[in-house]
Amino acid sequence: MSGNERPPVLKVQDLAVYYDIHDGGLLRQQVRPLKAVDGISFELERGETLGVVGESGCGKSTLARALLGLVPPRRGRVLWLGEDLVGLDEKALRRKRKELQIIFQDPLASLNPRMTVGDIIAEPLWTFYPKIARVQVEERVRGMMKMVGLLPNQINRYPHEFSGGQCQRIGIARALVLNPKLIICDEPVSALDVSIQAQIINLLKDLQRKLALSLIFIAHDLAVVKHISDRVMVMYLGRAMEVASARHLYRRPLHPYTNALVKAVPIPEPGRRRRGAEETGLRGDMPSPMNPPTGCVFHPRCPWAVKRCELEVPPLRRMAEGDWVACHRAEELDLTIVKHAPGTV
Amino acid sequence: MPLLEVKDLHVRFETPEGEVHAVRGLDFTLEPGEGLAIVGESGSGKTQAMLAILGLLAENGTSGGQALYQGADLMAMEPHELNRHRGRDIAMIFQDPMTSLNPYLSIERQMVEVAMHHQGLSRREARVHAVEMLRAVRIPDPESRIRQYPHQFSGGMRQRILIAMGLLCEPDILIADEPTTALDVTVQAQIAGLVEEVVQRSGMAAILITHDLGVVAGVSDRVLVMYAGEMVEYGTVEQIYRSPRHPYTRGLIDSVPRLDRADDDALHAIPGNPPNMLSLPSGCCFRDRCSRAFEACAEAPELRDAGDGHLKRCHLEEAP
Amino acid sequence: MKSSEATTAGVGAPAAELDPFEAALHLGDVKGRSPWEDAWHRLLKNRAAVTAAIIMGVMILLVIIGPWVISWDMDYTDWDHTQSAPSFANGHWFGTDAVGRDILVRTLEGGRISLLVGLVSTLVSLVIGVSYGAIAGYYGGVTDRVMMRLVDIIYAMPFMFFVILLMVVFGRHILLIFVAIGAVNWLDMARIVRGQTLSLKRMEYVEAARACGVENRDIIRRHIVPNLLGVVMVYVTLTIPQVILVESFLSFLGLGVQEPMSSWGALVSDGAQDMESAPWTLAFPAAFLTVTLYCFNYIGDGLRDALDPKDRS
């Protein structure tokens, strides 16, 4: 996607994950597919951060799990350093997990309440280096704790003795302990207070720079993603609506849905009356992913939809400056975001 | 006379680990038609203060102080007296639209009964009124949708229904506890806009509880910032955003991720963690996290007027 | 908890003169408080549960030591004092029954059997139920469906019919009571454990472990089982009295332990026949049985309150 000569570390091609939903009566059970992720493609370079944004039900968490092989994809390829992870058996996949790690949304729920912090962070080490000496494990764990801003002398404490932000640091330490190359962050700050959110985002940025990590940063809030991403993918009902560099995305969204997301971000300025319901430009509610609309999945809510949008699925196509958009009318629409309050540039 | 006057409000909880003093002497007033935002991190006591005023504390909680609603002390009332005010004069909307509605009753049943009970309307009148309210919060086709059950609505629609239910009895005060936190971003914008709109149209007073200063700028006239169970700053929206006088408020404003500021990527974080309410530090509770802390902070600061009714609980003379 | 608030400073925190983070780096290790310890402290604060536990402890001691200390044998017939009322003078503190057997020693001996049945049968159902339920729940899919349908089928069999069938085929033996009760009780345990495992399996920390490449057996050992234990412990303490009651019921019907052995149920059954002429033959075993049931229920309730994380504020 970017015209760079360096090969990407991760290349995802037409990835799709369907869940089978069983419904119907006792006798005639129907199995219908829920298309959680439906044909996602992107590339990720070393040290790059891709933000993935979308509202609940857009498939962003499923995408994260599919990349790690935690849910089986229906079709598509996940090329990690040129090797396809789809179709690898459990054992081979397990070996790859050293290089790809994940951080979860709910900091407390992702930590086993009956294990000490030290054991939680050490678990990946025990798994991959069963012969390693205990002293070494402990030394490494203490080092990790310090790196993520936890006091190493807290090593024997349990998760419930920490605040939400600290628990997320524990989760980050666990993800980093094996020196992975890619970390998938599944809404790592959504459950945290605003002031703590900023700590965690800054910590992730810091670590990324220090360790040359590639990040996939999932969130439902564009403003959060802006501060960490190089490029952003906007998802809606299992599909990519737009993949663009972060700067372009916020100045001039190409897709009407991106536009709505940008407009939905509140602005902490007094006197700036909220742009009400109409101004996000969206009509109605998100349809059920069980019955996605025909054509462009966004068309029933899009203020700019035309007949064609109802009939034809828009492909993700390349626009100027290396950005990609899935909209029939991308060229006609000018969704430039008006610069807000003067003097804030 | 102010509509609501809260004086020296205290809330304590008995927990197995010890006593938690969740709200430590809160005073504020609310004028008719005023919009007040109460801002603070989780555990700052903002929700518990509101629950205490409405007599809705959990079993292990006790409260002290006064909450004068039109001169009558809500906190000294018998439960049945308080019940008359709840819903009719003061309505509260909760964070989670999923759990605030009874899943086994139709929306009609839930709304009509409230209207009949508090306003003495007949069933037919109550239904007409309920449909009207649903229309006011822009639920499409309210006549038929009112017969449906909560699970047949999306999260945003449910929050609209809750707002409609809050407005049903035309209360004088609407208390909204993080009404948008559990919702998707585009829905958040719609609901926040809706709250603003109905509050302005009806002329009622509103208290908005949130942890996100980004949300409140449009909806409120005044902002009350809470930290560790105390008010640390109070002022008009202009005062709070343009010239915050407490380092914590400053930090909250700076930590809101913004789209409208150009490509300055650094996010300002408040270092450290919220205090442990079981063992509060001596002196100023924010001292440990404050970049401006100095010797005087070893002593707990009093609430002081910084001019024009702008209150702050900080030893610093200048703005942080 | 005291030191936990000052533990971290954000990366990129403004550097104060003395960074509290740097300063705290050289402190000694802080001891953590595990959820078990927390639960233990909460349990100790529960007066009803502690009292019940103490009474139960005394009861168990009595039942174990009592029969050795008391000079009467359980099947010794004291012809001089048949149906004697409780009396210190003749040495039968709880009185005697129609054939002159000492009620005190019989109550304690009966208690041995009743408690033994309670513990052993529960243990049997615990071992089978937990492993069965955990396997069905964790592996899911076809394994789960087959295993749980089997449970449903056994569940549907009438319990009394099953017991009578066993008695008829193998004759009356105390082992059979263990088998019969255990065979039925593990079904409940399996269902509860399966349900818990299903929900634990979806916890993010299990997913995190899978994402780290941890193998299934380690996940079950490290993440599933320790988090099941709380529920299982509560269920076990509530199963013991249930089992004791079932045994009493069987004995009352004449299907339980055989003379001269006895259990509380059998004693109550005997006593009920002489209720009018010798009420003490009913009263003492019944009192012991009731107290035991109460105690276990209070301990179980106390455990549930102590272990249930939802109750924590």
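Labels A, B and C are assigned to the chains in the order they are written; within every chain, residues are numbered from 1.
Keep in mind that, in the parts below, a residue touches a chain if its C-beta (ideal position, glycine included) is under 8 Å from a C-beta of that chain, and two chains touch if they have at least 3 such contacts.
Note that the coordinates shown come from a computational prediction; the quantities given were computed from them, not determined experimentally.
K.L.:
Testing understanding: with touching defined as stated, what is the shape of the graph linking the protein chains, line, ring, star, complete or other?
P.N.:
Drawn as a graph, the chains make a fully connected set, so complete.
K.L.:
When the contacting C-beta pairs are counted for A-C and for B-C, which pair yields the higher total?
P.N.:
Here the pair linked by more C-beta pairs in contact is A-C.
K.L.:
Using the average of all C-alpha atoms in each chain as its centre, how far is it in Å between chain A and chain B?
P.N.:
Once rounded, the distance between the two centres reads 31 Å.
K.L.:
Where the CA atoms of chain B average out and where those of chain C average out, how many Å apart are those spots?
P.N.:
So the centroids are 47 Å from each other.
K.L.:
Could you list the positions in chain A whose residues touch two or more of the other chains?
P.N.:
163, 165-166, 198-199, 202
K.L.:
Name the residues of chain C that each touch 2 or more other chains.
P.N.:
1, 4-5, 7-10, 12, 38 - these are the residues of chain C that touch more than one other chain.
K.L.:
In chain B, which residues are in touch with two or more of the other chains?
P.N.:
Those would be 266, 269-271, 273-274.
K.L.:
For the complex, which residues does chain A have touching chain B?
P.N.:
55-56, 163-166, 193-199, 201-202, 205, 220-224, 226-227, 247, 250, 260-277, 279-280, 282, 284-286, 337, 339-341, 344-345
K.L.:
Which of the residues in chain A come into contact with chain C in the complex?
P.N.:
Spelled out, the residues of chain A in touch with chain C are 65, 68, 70, 93-95, 97-98, 101-102, 104-106, 109-117, 123-124, 127-128, 146, 149-158, 160-163, 165-166, 169, 171, 174, 178, 198-199, 202-203, 206.
K.L.:
Within the complex, which stretch of chain C touches chain B?
P.N.:
These residues of chain C touch chain B: 1-2, 4-10, 12-14, 16, 20, 38, 41-42, 45, 312-313.
K.L.:
What residues of chain B sit close enough to touch chain A in their complex?
P.N.:
41-42, 138, 140, 154-157, 184-190, 192-194, 196-197, 211-215, 217-219, 237-238, 240-242, 251-253, 255-263, 265-271, 273-274
K.L.:
Which chain B residues qualify as touching chain C in the complex?
P.N.:
13, 15-17, 20, 58, 60, 266, 269-276, 278-279, 281, 288, 291, 293
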